[in-house]
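Per-chain numbering from 1; labels A, B, C, D and E assigned in written order.
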Amino acid sequence: MGLKEFVTRRIIQIVVLYFAIATMLFFLFRAAPGDPLAAYIGTGFTEEQAAQIRATFGLDQPLHVQYWKYMTSLVTFNFGLSYITGDPVWGIIQDRIWNTLVLMGTSVVLAYLIGVPFGAYLAWNRGTKRERFGVVFALISRSAPVFWTGLLGIWIFSFKLGWLPAGSMSQPGVTYSSKLAQFTSPSFLRHLILPALVQAFYFYSLPALLMRNSMLEVMNEDFVDFAELKGISDFAVMLKHAARNALLPIVTAFAVAAGFAVGGSVVLETVFAWPGLGREMVRAVIANDYPVAQATFLILAGLVLIANFLADLAYGYLDPRITYD
Amino acid sequence: AGDGDGDGDDTDTETVAGGGGDDTVQMEGFQVPSENVVPQSDLDDAQAIPELTLIVNPPDAQPDDHETSMFVSEEIAKLGLDTTVETMTWPSQSSTVWDGTDWDMTFWQMVGRPSRLDPDEFSVQMGHSSFQEGYNYYFWEDDEYDEKVMAQREELDQDTREQLIKECQQIFHDRGPSTFLMYPQKTIPWNSERWDGVVELNGMGAVNMLTFSNIEPTGDRTELNIAYDQELQALNPFDQSGEIDMIQHRMIWDRLAWPNESALPEPRLAEEFNWKDDTTLEVPIKQGHTFHDGEPVTAEDVKYSYNIHRDYSTYFSGPVEPVNEITVVDDHTVEFSFDYHFAPFPMAAMGRIAIIPKHKWTDIIENKMDVDSPMLYQEDEPLGSGPMEFVHWKSSEEVRLERFDDHFDPIAYEARNSRIIPSVQTMLTQLENGTLDMLANYRGDKDVLKDRVESNDSLSMAATTTVGFKQISYNNDRPPFHIDGFRRAMNHRFDKETIVNDIYSGWGRSPRTAWSPPHWRAGTTTSSSATSSACRPRRTSSSRPGSSGTRATGCSTCPPTTPKSATNPLHFELLWD
Amino acid sequence: MTLLEVNDLHVTYAGDPDVEAVRGVSFTLEEGETLGIVGESGCGKTTLAQAIMGALPDNGRITGGEIIFDGQDITHLSNRERREIRWERMSMISQSAMNSLDPVYRVKDQIKEAIQEHRDVSDAKSYERARELMELVGLDPDRVEDYPHQLSGGMRQRVIIAMSLALDPDLIIADEPTTALDVIIQEQILYRIKELQRELGNSMVMVTHDISVVAETCDSMVVMYGGELMESGNVDEIFNNAHHPYTLGLQNAFPSVEGEKRDLTSIPGSPPDLSEPLEGCPFASRCPFAAPECEETVPVQEPVDGHRVRCHEPVPFEQIRDRSGEDETWLSQNKV
Amino acid sequence: MSDQNTTALDSESNVDALDTELSTWRERQADAWRRRLAFLKREPMGLAGILIMLAIVLVAVFAPVIAPYNPTETDYGNSLEPPTAEHPLGTDSAGRDIFSQLVFGARPALQIGLLSAISVAFVGMNVGLIAGYYGGYVDDALMRLVDFAYGIPFTPFIIVLVALWEPSKWTIVGAIALLLWRQTARVVRSHVLNLKEKPFVKSARTVGASDRRIIYRHIAPNVLPLVFLYGSFAIAWAILTEAAISYLGFGDPTAVTWGQMLQSAQQSQALARDAWWWFTMPGIAIMLTVISAFLIGRGYEEQLNPELQEP
Amino acid sequence: MAITEQSLNWDYDGPIMEVTGLEKHFPQSTGIIHQLIGGETSHVKAVDGVDMAIESGETMGLVGESGCGKSTLGEVLIGLQEPTGGSIKFLGTELDSMSDSQRKEFRRNVQMIFQDPYESLNPRFSVEQWIREPLEVHDMDNQDERIYEALERAELTPPENYIGEHPHELSGGERQRVSIARALVLEPKFIVADEPVSMLDVSVRASILNLLRDLVDDLDMGALYISHDLSLIRQMCDRTSVMYLGKVVERGPTEQLIKGPKHPYARALLDAVPVPNPDHNISEPQLEGEPPDPVELPEGCNFRPRCPFAAEECFEEPGLDAFQTADGEHAAACWRVETVDNM
C-alpha cells in the first residue's frame, strides 16, 4: 500500500473517529441532568419568553434534528450560540485555538528539545550516579502536578522575584497587526516563558525517560555494535545510529504527549490565565455553557487526532520499515 | 425551642433587641407587635422537627461565610435545637434552594449593583409574593406588604415613597422571613499615585460611572488598566446581565440619564426630564452630539432604542412596559406617554437603556440577526455615542476602549483597558508592580489587600459598604419556620456585631433593617479619604465567635467604617445606623 | 608469513560472578590461510573473535596473553589506534550479521559510511565502490538503494560481506556467518566468501560450530571447549587423525549425506560453567576416558602428529579413536 | 509427587517423603519469592518506591491514630498559623490542621489510585487479550475502540464527566477507568500478537486447550507484569488527575483530598499570604505518592526489560 | 486406558495421515480502499496442492528451502491452521467431517514438537504443570503416573529431578525433551517435528534425533519430520518429500533419494549440504539466488526460473508422478529427469 492510500485511509479513519467522539459528546451532554438553559434564562423570563429562547437555541426540536444540526456543525464550524452570551461559539473560540497551539506547541517543542538530549545523555552515562540522579529528577518532575509547579513558579518568579508576569498573554492595550506580530512580540514572549517552562518541566520527562530506555535498547542492537566494529567513532555511532533509531518510539510518544498537552491545557491555562481553549472549556463547563464546552472539547479532540496523525506520518517518514498497512 | 438552655429570655421579651442580649443599640424605630411572640402551641409543633440543616458553600471559597454559618448553627443549638451545617457548592445550593423546597435554612448573599441602589428592586423581588420563583425563594407572603411595595413603585413623591419603603421594611423586619447578617464592604484598590479623582459612591463603591468620568491621570501614563476577574459576557446594548459589562456599556453607549452622586437620576444625554403631566414625559436631548461614526444622535435614535425593548423581550422590557407611546417631537425631543404614572422610569429605564444608532441597527435587525433577538447579536465593533469608543475585545484577555473626543462630557484619559484576570493573586501582583491601575472586583481576602496597600505608597483603597448583603433565609413554608415568632427568635439570637467584627474582621456593617436604606439619599466620598476608610477594628484572638457577649472593640483612632459625605441627607439614618 | 599470533589469551567478563570465557588459547594464522574455530555453544568462540577484533563488550577484558597482528602487538590498544586497524586491516562478519545493518539507512549509505570513515574518498567514488562491492558478492548493484528490510536474510549477509571487503583488509573474521540460513543460502555464501578470499588473497578466521563447514572451507582449525583450546592443526590432519576425545566425539555426532548411513553418537552432559575456575581438563567431566589426573591438572598443549593436542592421554590415542565411535563408550559415562 | 508408586512403602517413610516434599516445596516457594523480590536489591529506586508507598498506605490505614486533629474541624482562632509544635505543619485559613488533612488525604488518594489501577488493568488487559488473541473483526472493532479512547482528550473528558455528574471520587475513578485502559490494551495486544505465535501457545492449541484456557492460563500470565507496570502508572495518573480536577474546582468540596487542599489554598490566596506550608505540603504529598508509583513501575520495567538492565 | 468413546476408526489399516490436494493460501493484506475499489487480493500459496500419506510407524521427512511451506504444511496437518483446500484424513476420517468428540480425539492423537526449545515451553509453568496440562484438557486419569512415564520416555531421568523445574532452569536439550514428553504424554498416534534440533548444540542433537526415532518405532506412531538439512533427515526418516514453493517435487525412500535424487532441486539441496570431510571442498552452488515469493508464481514448473536444466517443456506443470521408479515409490515432478540423471 502506498503512502497516498495510507494517508487517505488514516484521514477517513480520523474523520469517522471524530464523528464518533462528537456523537458520544452529544449524548453525554443530553444525558446530563438539569436544564442546560437555566443559566441563560435565569429567573427574569416568563414561560413564553423562555420557550422563545429555547427555540432560539434549537432546544425545542426533536433529538434527531438537534443531533443532525450538531453533526453538520462539525463541518461548518457553526457550533451554535453560547448559552451564556448568545454569541456564536466559533467566534468565541477561534482565536483561542491559536493561543492554545502556541503555548502547547512551545512547551512540547521545548520539552522535546530538552528531553531527548537529556535522555540520550542518561543512556550514555548508564550505570553512573549521574544517570541515577537524572532519572530520579525526571521522575520527580513527572510526579509534580503541573498546576502546583505552576503555582510555585508564579510564587517565586512573579511574587517574590517579580521577574515574570504571573499570567495572561499580553501587556494591556496593545493591538497587533497580525497573529505573527503578536506571537513574536517581546511582550508576548515574556508572558509565554513561565507557562511554557512549567509545562515543559513536566513534559520533558516523557521523551527523556523514553529516550533513555529506547537508547539503551538500541545500544544493544547488533547494528550499533557493528557500526563500532566498522571503526566509526563512538560519538558518531551514538548520534547516527543509536540516537537516530531510538528516536522512533519517541515519535510515537509525541502523539501521546501532544494528546496530554492538549488535555493539559485545561489546567495550565487556568493557572496562568492564558486565554486558550482549555481555560474556555473550564469556564464553559462551570457555567453550564454547553455549546461552548462541546465545541472546545471537540476542537481539543480534533487536535489530539491530528497530533496522532502527524506522529504516524512522521514515524513512517523516519522508519523506512513502515509500509503503511 | 427557646426553653432549652435558660437563654430563653429572648423569646419572651416583647421588645426585641437586635443581636445578642447585651446589645446596647436600641431599635427605637421598631415596635414589635405582641402577637409575634411565639405561641406555646406552635412551639410544640416546632419541637417535632428533628434537626435543622443550614446550607452554606464550602469554606474554601468564602471562609468567613462558612464560619458565620458555624456560628449561627451554634447559636441555634443554644436554643435547644439540633442543627447541622451542610456544605454545598453553589450549583447544588442553587438547585436545592432556588429550585427546590426541601431545605430548612440557607446562607445567602446578594451583591450590590447600581440598579439595586434604588430600593425598588430588592423590596419588590425579595418580598413580593409573586416572586417566589425568584429572589423570594423562601416562600414568604404578606398581602399588606405586596400592596405597599407595589404602591411605592407608582409614587412620584420621593418622601411618600420613602415612607412606603420604610413601612415595607418594617413589615419585613417584623415577620423576618430571613435574617440579615451584614452589609459587606466592597474593597477597591487603585494606584493613587497615578490617578486622581476616584469617586466612592455610597452603596456601590469606587467602581462606578462617576469615577470613570472623573478620574484623571497625574503623570504621562494616560491609559487606565483595570482588572476584572471574569470575562464579560457580551458587548450588546440590550444585554447587561453581567456585572462586569456594565461600565463598558456605559462608556460606549450613552443613556438619557445617569445616577448622580446621591444615586438619583440626573439628565445625561437628556437635557432635562420634563414631566408634562402624570403620564407624559418630554425629554429634549443634547444637540450636536454624534455617534462614534460621526452620525448625529437624534430623537429618532432614542425612540428606536426604546422601542426595541418594547418589541423584543429584554431585561428592560419591564421598565418600558408602562410606556404607551414614544413620539418624536422634533429632531432633539422625544415624548414618552405612559399608561399610568410610573415614577421609577428615570432611574429604571432612562438610566439604563442605551441609545443606539438607528442607522446601524435597522440593518442588523432586518438582515443580520441569526436569532430573532437583538440581545443575542454581537456587533463586531460596537457603536455608540458614549465617552469612549470601542477598539478591541480579545476574549478572556481584555476590552480596550479609547476616548471619544467629541463627547459632551469628555474624559481626561486616553484609553481604558479592562483586563480579565481570574486569579486574585495575579491581579494583586500586577497592581503592585504597576501593570494595573485598579482592581474592579477584588474577591480575595481583604486583610491581605489592606496589608499590601498599606505597605505600598502608591496604592490606595476604598472600602465601601454596599447595598449587597448576607443573610440566613428560612424556608417559610416548612415547620418550624412557618411560625413568625420562631423566625424572629432566630433573628434575635445572632449577634450581628460579633459576626461583622469578629468573623468578617469588621469588613462590613451590621444591619438594623431588611435590605438597604434608600440609597438615593446616600452620598459619596472623594478618594482622598478613602485609604483611611479601610481602617477597621482588628480582630483579637479572645473574641471568638460563640463566646457570645464579647465584641471586638473598634479601633479608636479610626473613623467610622463607612465614610459619610457631608452632603449626605440620610433621612433614614435611623434605619441605617 | 604469520599474520596473526595469539598467545595464551585470557578474556574475562566482569559480572556477578565473573566469567572467564577464554582461558589460555594460542594459535597462529598464516597469510592467505583460513582458520576454522569450532566448538559448542558458549565455549568462547565469539569472545575470542571479538578479542582479536578488539571489539569485546564493555565488561569484557583481556586478562592475559597477547595478540600479535602483522608483527604488532595489538593486545592493548587505545581506542584511536584500534580504530585505525579496524576495518582497514581487519574486518568482521559478525554472528548476527542479519541484524547488523541499521534499519533506517539505505545500503549504500552504510557501505559509504564504512569507506568514508577511514578514507578520504568522494561521495561519488565511494558510491561507485559500493556498487562494485555489491556485484562482487553477487547482488544486483541497484539494490544499494534498498533499505535493509527490503533484503532477504541471505542478501543482508552478502551486504555485510561486501562491507567487510570494502577496504580490502588483510584479515576477515567471520563469526558464524551462515548459522541462521538454510543450506542453499549457506552454500552460496560460503562459496562466495571462499572465492573472494582466493581472489583477494586475504586471511580469514571462520568461527562456526559446524565442523562440516570447517571441513569444506578451512585450511587449518582450532577446536575449543570450555574456553580452552583442545586440538589445533591442519584440517586434513584433524579430520583424519584426531586425537582428542572431544574432537572425536564431535565428529561422531555429526551426520553426513556422504557415504553409508551410520548411527550418531552424542556427548552426554553439558559444558562447564565458565564462571568457576577450573582445575584440570575442562572436558574431564564428560570424557569417557577421563583419569584422575585429568581432573587435577591442566594438560599442556603438545604437538602430536603434526598438530597440537591438549590432553593427558589417559589411554593411548589409538584406543580413544577406536572406542569413541561407539555409543556405549559415551553412555557408560554416568550422565550428568 | 505422591501417587501409586509410594503406596507400597511403609507409612513412616511415607511421612518422611511428605515432609521432605513439603520442605522442598516450601524452599521452592521461598526461592521463587526471593527471586521475585531479588530485583529490589538490584533496583534501589524500586525499593525506595515500595517503602514510600508502604509508608503512605500505613498512614492511610492509621489516619485516625496519626492525625492529631479532625481534619475538617475549623478553628478560626488559629487560622493560618505557621508550623508550630501544636500544628506541625501549620493551619489553613479556617484553622484546620494541615498535617491532619494531609494524613487523611492519603485515603482518597490511595483509594482513587488503586481503584483506577485495578479497573484500568482489568479492562485494558482483557481488551488487549481478546483483541490480540482473536484478531480479525474482534480485533478491528476493539482497536477502533482504543483509537476512539485515544482521540478523547483526557483531562477535558474527565472534567465534563465530573461536571455533568456528581463531583465525587467515584466519578473520577469511573472516568479514569473509561479512558486510561487504552494504553494497557494496546501494549497488551501487541504482546499477545507476539505471544500467540509462540510455540508454547501453539503447543497448547495442539493439545486441544480451549481459547479461554489459552488466553488466561498461557498468555495472560505472560502479560501480567506489563499490566502491573501500566497499573502502577495508572495509580500515578489517577492521583495526578484527581488533584488537577479538584484544583480546577470540579472536585467534591467536602472531601479532604490533597487536590482539594491546594484548591482551597489557591482560593484563599495562600501565596499572597506567604502561607507556604499550606500550598507546598499537599503538593509534596501528591508528588511523593506519585513518584513512589512511578518508581515501583520503573523498577519493575527495568526488571522486565533486560536491555535496560545495567551491565 | 480410560478412553471410553472411541469414535475414530482405530482399525483403519490405511495410512494414519493422508492428505490430498492440500492447499493453504494466505491472502495478502491489502488496504480497505484497495478492496473497496474492487482490487483483487493476491495470495501467498504456502501450501499448494500437496498429496502425502504417512503410515503408522513411519517417519516422513519434509525438506526444502526456507519459506517453501514446510511449517505451514505441518501445522495444517495437525489442525493448527485451517486448510483452504484439499482434504486431510486421519485414520481414514475426513478432518472436516469429524464430530466434536472425534475432533477431540484427533487433538489427543496428533502432536507437534517445535523448533525453538527456548520458546516452546511456557516460562511460567513448571515441567510438571506443563506436562500435566494436556491430561487436564483431556480429563485423563492416572495423571501422575502418565507424567512420570512420559518423562522417563523422554529420558529425563529420574523424573523427580525435573518435575519441579521451570524452563529457565533447563538446558536447551532438556527443554526439547520436556517438549517431547508433553507431546508423548497423551500417547499420540501422529507427531510433527518441525526442525526440533536446529537450535541445539551439535553434541546433543544426536541424542534427540535418536530419541525421536526410537519413540516413533516403539510407539508405532506416524511422524512428519521437517528440516532443510538432508543430513538430519537421513538420520530420521524412512521416506522423504522434497518441497519447493508449496509443492512436493520429489518423494521417495530417504536412502534412495539421497543416493539418487531425480529432481534438479533435490540435487541442489543435497549438494548444498556440507560434508564433514576435508577432501570435499566447497563447490560452485547449483542454485543461484533465492526462491521467489510464492505470490506470483511462474507458469508451468515452479522451479523453472532457477533450474539449470529448464527447457521448452517446463512451461507446463509437471505432476509428481511425471517420473517414477518402477515400484512407484520414488517419484519426481520434473520433465527433464532423464537429462538430469545423465549429467
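The working rule: contacts are C-beta pairs under 8 Å (C-beta built on N, C-alpha and C of every residue); 3 or more make two chains touch, one makes a residue touch a chain.
Quick caveat, the model's predicted, so the values are computed rather than measured.
Q: Please report the minimal path length, in steps, between chain B and chain C on the chain touch graph.
A: 2
Q: Tell me, please, which chain's centre (mean of its C-alpha atoms) is farthest from the centre of chain C?
A: Taking each chain's C-alpha mean as its centre, the farthest from chain C is B.
Q: Looking at CA centres, what chain is most distant from chain E?
A: Farthest by centroid: B.
Q: So how far apart, in whole Å, are chain C and chain D when each is placed at the average of its C-alpha atoms?
A: 50
Q: Indicate the whole-number Å distance between the mean C-alpha point of chain A and the mean C-alpha point of chain E.
A: 54
Q: What whole-Å value do you get for the distance between chain B and chain D if each is reduced to the mean of its CA atoms?
A: Centres of chain B and chain D (C-alpha means) sit 51 Å apart.
Q: CA centre of chain A versus CA centre of chain B: separation in Å?
A: Distance between chain centres, rounded to whole Å: 41 Å.
Q: Give the residues of chain D touching no fewer than two other chains, as numbers and ranges.
A: Touching at least two other chains: 266, 271-272, 311.
Q: Quick one: which residues in chain B touch 2 or more of the other chains?
A: Those would be 423, 425, 429.
Q: At which residue positions does chain A touch at least two other chains?
A: Correct list: 154, 159, 270.
Q: If we count contacts the way the header does, which residues on chain C are in touch with chain E in the complex?
A: Chain C reaches chain E through residues 40-41, 138, 152-155, 181-188, 190-191, 194, 209-213, 215-217, 235-236, 239-240, 249-251, 253-258, 261, 263-268, 270.
Q: Chain C touches which residues of chain A in the complex?
A: Going by the criterion above, the answer is residues 221-223, 225-234, 236, 240-241, 244-245, 248, 318-321.
Q: Considering the complex alone, what residue numbers of chain D touch chain E?
A: So the residues of chain D in touch with chain E come to 1-5, 24, 28, 198-200, 202-210, 213, 217-218, 221-222.
Q: Spell out the part of chain E that touches chain D in their complex, as residue ranges.
A: Those in contact with chain D are residues 75, 78-80, 104, 107-108, 110-112, 114-116, 119-124, 128, 133-134, 137-138, 142, 144-145, 148, 159-160, 163-164, 179, 182, 186.
Q: Show which residues of chain D lie in contact with chain B when the two form their complex.
A: Within the complex, chain D touches chain B at residues 74, 76-77, 79, 93-94, 167, 253-254, 260, 263-264, 266-269, 271-273.
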